[in-house]
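Per-chain residue numbering starts at 1, and chain names A, B, C and D are given in the order in which the chains are listed.
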Amino acid sequence: MADLEAKPPLSPSSTLEKQFEDFRHHLEESESLRERIRAVAREIESVTRLIYSCLLLVHQSRPIPEVLEKVKAQISKLKELFHRLAGILRECPGQYYRYHGDWRSETQTVVSLLGFMHWLETGNLLMHTQVEERLGLKTSEFGLDIEDYLIGICFMSNELPRYVVNQVTAGDYDCPRKVLKFLTDLHAAFRMLNLRNDLLRKKFDGMKYDLRRVEEVYYDVKIRGLTANGDSTRDLGIQGQS
Amino acid sequence: MADLEAKPPLSPSSTLEKQFEDFRHHLEESESLRERIRAVAREIESVTRLIYSCLLLVHQSRPIPEVLEKVKAQISKLKELFHRLAGILRECPGQYYRYHGDWRSETQTVVSLLGFMHWLETGNLLMHTQVEERLGLKTSEFGLDIEDYLIGICFMSNELPRYVVNQVTAGDYDCPRKVLKFLTDLHAAFRMLNLRNDLLRKKFDGMKYDLRRVEEVYYDVKIRGLTANGDSTRDLGIQGQS
Amino acid sequence: MADLEAKPPLSPSSTLEKQFEDFRHHLEESESLRERIRAVAREIESVTRLIYSCLLLVHQSRPIPEVLEKVKAQISKLKELFHRLAGILRECPGQYYRYHGDWRSETQTVVSLLGFMHWLETGNLLMHTQVEERLGLKTSEFGLDIEDYLIGICFMSNELPRYVVNQVTAGDYDCPRKVLKFLTDLHAAFRMLNLRNDLLRKKFDGMKYDLRRVEEVYYDVKIRGLTANGDSTRDLGIQGQS
Amino acid sequence: MADLEAKPPLSPSSTLEKQFEDFRHHLEESESLRERIRAVAREIESVTRLIYSCLLLVHQSRPIPEVLEKVKAQISKLKELFHRLAGILRECPGQYYRYHGDWRSETQTVVSLLGFMHWLETGNLLMHTQVEERLGLKTSEFGLDIEDYLIGICFMSNELPRYVVNQVTAGDYDCPRKVLKFLTDLHAAFRMLNLRNDLLRKKFDGMKYDLRRVEEVYYDVKIRGLTANGDSTRDLGIQGQS
């Protein structure tokens, strides 16, 4: 290492400073971007909290159309917030997944709520493309990550057993059958996926408990003969519940 | 439940199946991409293990040029592997950070080894752009993440106290002074950065222990007068400190 | 430290190298064997996932013969995979239990599925020798470990409460009685075993919850007089359920 | 439930009982075998505790030949115990690895102690075949598992830093150099192995701390010039220590 002395480390030292000065800017920009993303994510979270509060009223058997009416005003707020998010991400092309962790959990909640609303309204699963539509997202520039969609749907599933219990309590004895059919199909569809041992897999594994709980409620209703009359006539989609 | 069969929610049901069929393809493609990335990462890991084995010989006072000569043959292998990695990532534009976790720890090790080699050879810090050059990376398409570079440099710093101890043991009493100067500058440069509470911050916090250990060795050497002669002539850089 | 080079502990040093060179080969062979075992185990896992998806249809009251027909095509695949596994293990005689951990959990799942199918078909427990037969195993060379068989049977038991609930829901009020008889006998048989405090013991402890749940369903059915008429005539094996 | 008695699924039921009766015998035999293995393992453990107590005296600078003399009487006990172990395992051919967990940790300790003794006596590494020789094992029937040997050697390495410190305290300033040479070679040999992420890998990772600690002690001795005189004359192997 004797030759170390001979070399004039003057220039290396200033190169070093220059490099770290660049890094400082880079990290600060990145941090400020993250801050802006987090700020929007917090606003999204705040809107989803509001939506969830409203939606909870369905457990108290409030008429679904009334509940959904209230909630729908919030959807445009969500749309606007995702528009802002997409705008921020447009500033750093190719870095969607770099900051993904900063908004994904909020997005999953959004999916679960939109999915639950859609199911209440139609009895069907809200599709991935439909979520993007509602949030004004374009896959090509700022899309909805598929795993986020799937995790959101699992969260939605977690809400269903409670809904079924409360509907039966309120006298809607046909609800368990319909939810069971929906959850069974959804569960079967998920089973087609070859999931890694990650969060999504864990959330999906939880779905089977929702399924079983709904089966148990359906069992309770059936064994008491509560669904005996009218099974054939009531069968007109889930709107009949409210 | 016989009526379940009779009910024709056929169109939603088949849309559902279609969607999950698409997801299955998507997840499988993503998984296979990840597998290919992991395979290359494992090869990188295997080359770095080889390089590290060679580099360890400097702790036994083997001549640096001899050690580096052996190692350099491996660098072209690394270059080729990163070329393959870049090729795989090119297939999925904008998803660098989606799979980043699958190669980043191996890349940090590569940085630490290249950095150590460069320091052994020149006494200077290997710059970010120099690492990219050596690995044949282009920032525009598949660059070296700055945090990976910085963490790799922290790992390199961890190697220095041991090197200093072994050099002094072998009679090189001037080594601590040089390493101390290098580490002090590096530590000061890092301090300019405003680090978040993450892995990089933790690794950087560890650097101060390297610095202290080298200071202690320098102290041991100085207090025993082992650097006494020649100090005045050799002192062309670090003078301010001692 | 220059004298280290000069010293000639050549012979011990080269013996050392030779030994570790042998170890390297040994560990690499062992690792490659393990890789091959894991690859087959993953294929087994993939087939069991398919089988399980099919079997789940019995919870929706699909006719048992139809469900089993679909599944049986997969059994020959399993047989072929276990044949491959046995072939790999034949390469390293006496090391069945060395690699046992690499396929045992998949094998337990296979036992649980075969057991469930057999029970659906006959109402009886699938014996250890019958599992070996179906999988083409020979105890003398690559047999089914008894604890794996027993744990698999415990997993099968976990499926029964759900089955009973869904059968009752579908109007098969005689199912609980039959399942209860089966589970009671099975539980009593397990109780004869002196189990250590290990996984098998834990899984067996869980079986009592299955038993209790089935007892409760049987109670629900009895207390409502749902099994009152025709008990004597319906008693023709489990096929009569659907 | 009276009709349960009337039902005659007698033949399946008695087959069931027969099978579980067989299992009971099987599990009891296996348990009793395990008990006998554990009993021998406990005796081995007790002898190793005795040996270790004796060996600890080398940290107090007792003459090595005296210490080893005391210990050697115990080796024949170990040999006898391993003979008994081999005898028990001979009763159940092909099940070495089934019960391996019941004696492996004790065996690793035996390796570490024999290895330490051998190193104290000769300065060299005790080979795998030498351990088998000393314990009267034959690879063909009841050999020493290679990973157990390697883990035992790692444990031995953990003892060396303490030994070096105490030897230097007692005035043997040449000890660090010899131990460092030994550990460096051993560490390099281990690095040739491609270790999985398991216990052995973890133990090996610990060896580098032993190496560094010995380097530090060597550094302390060198920097004080304590090894200055006589380096050339003392260099006659490790026997010169005592």
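Keep in mind that, in the parts below, a contact is a pair of C-beta atoms (placed from the backbone, for glycine too) under 8 Å apart; a residue touches a chain by one contact, two chains touch by 3 or more.
The structure displayed is predicted, hence computed values, not measured ones.
Two copies of one sequence, chain A and chain C, touch each other mainly through non-matching residues, since under half of the numbers at the interface are common to both. Note: the chain lying farthest from chain A is D, by mean C-alpha position.
For the pair chain B and chain D, the distance between mean C-alpha positions equals 36 Å.
In this assembly, the C-alpha centroid of chain A lies 53 Å from the C-alpha centroid of chain D.
For chain B, residues that reach two or more other chains under the stated contact definition are 1, 4, 60, 169.
For chain D in complex with chain B, the residues that touch the partner chain are 184, 188, 191, 194, 212, 215-216, 218-219, 222-224. Residues 46, 49, 53, 56, 59-60, 162, 165-166, 168-169, 217, 220-221, 224, 226 of chain C are the ones touching chain A in the complex. Those residues of chain A that touch chain B in the shared complex are 1, 4-5, 7, 9, 12-13, 15-17, 19-21, 23-24, 26-28, 31, 93-98, 100, 122-125, 127-128, 146, 150, 177, 181, 185-186, 189-190, 192-196, 231-232, 235.
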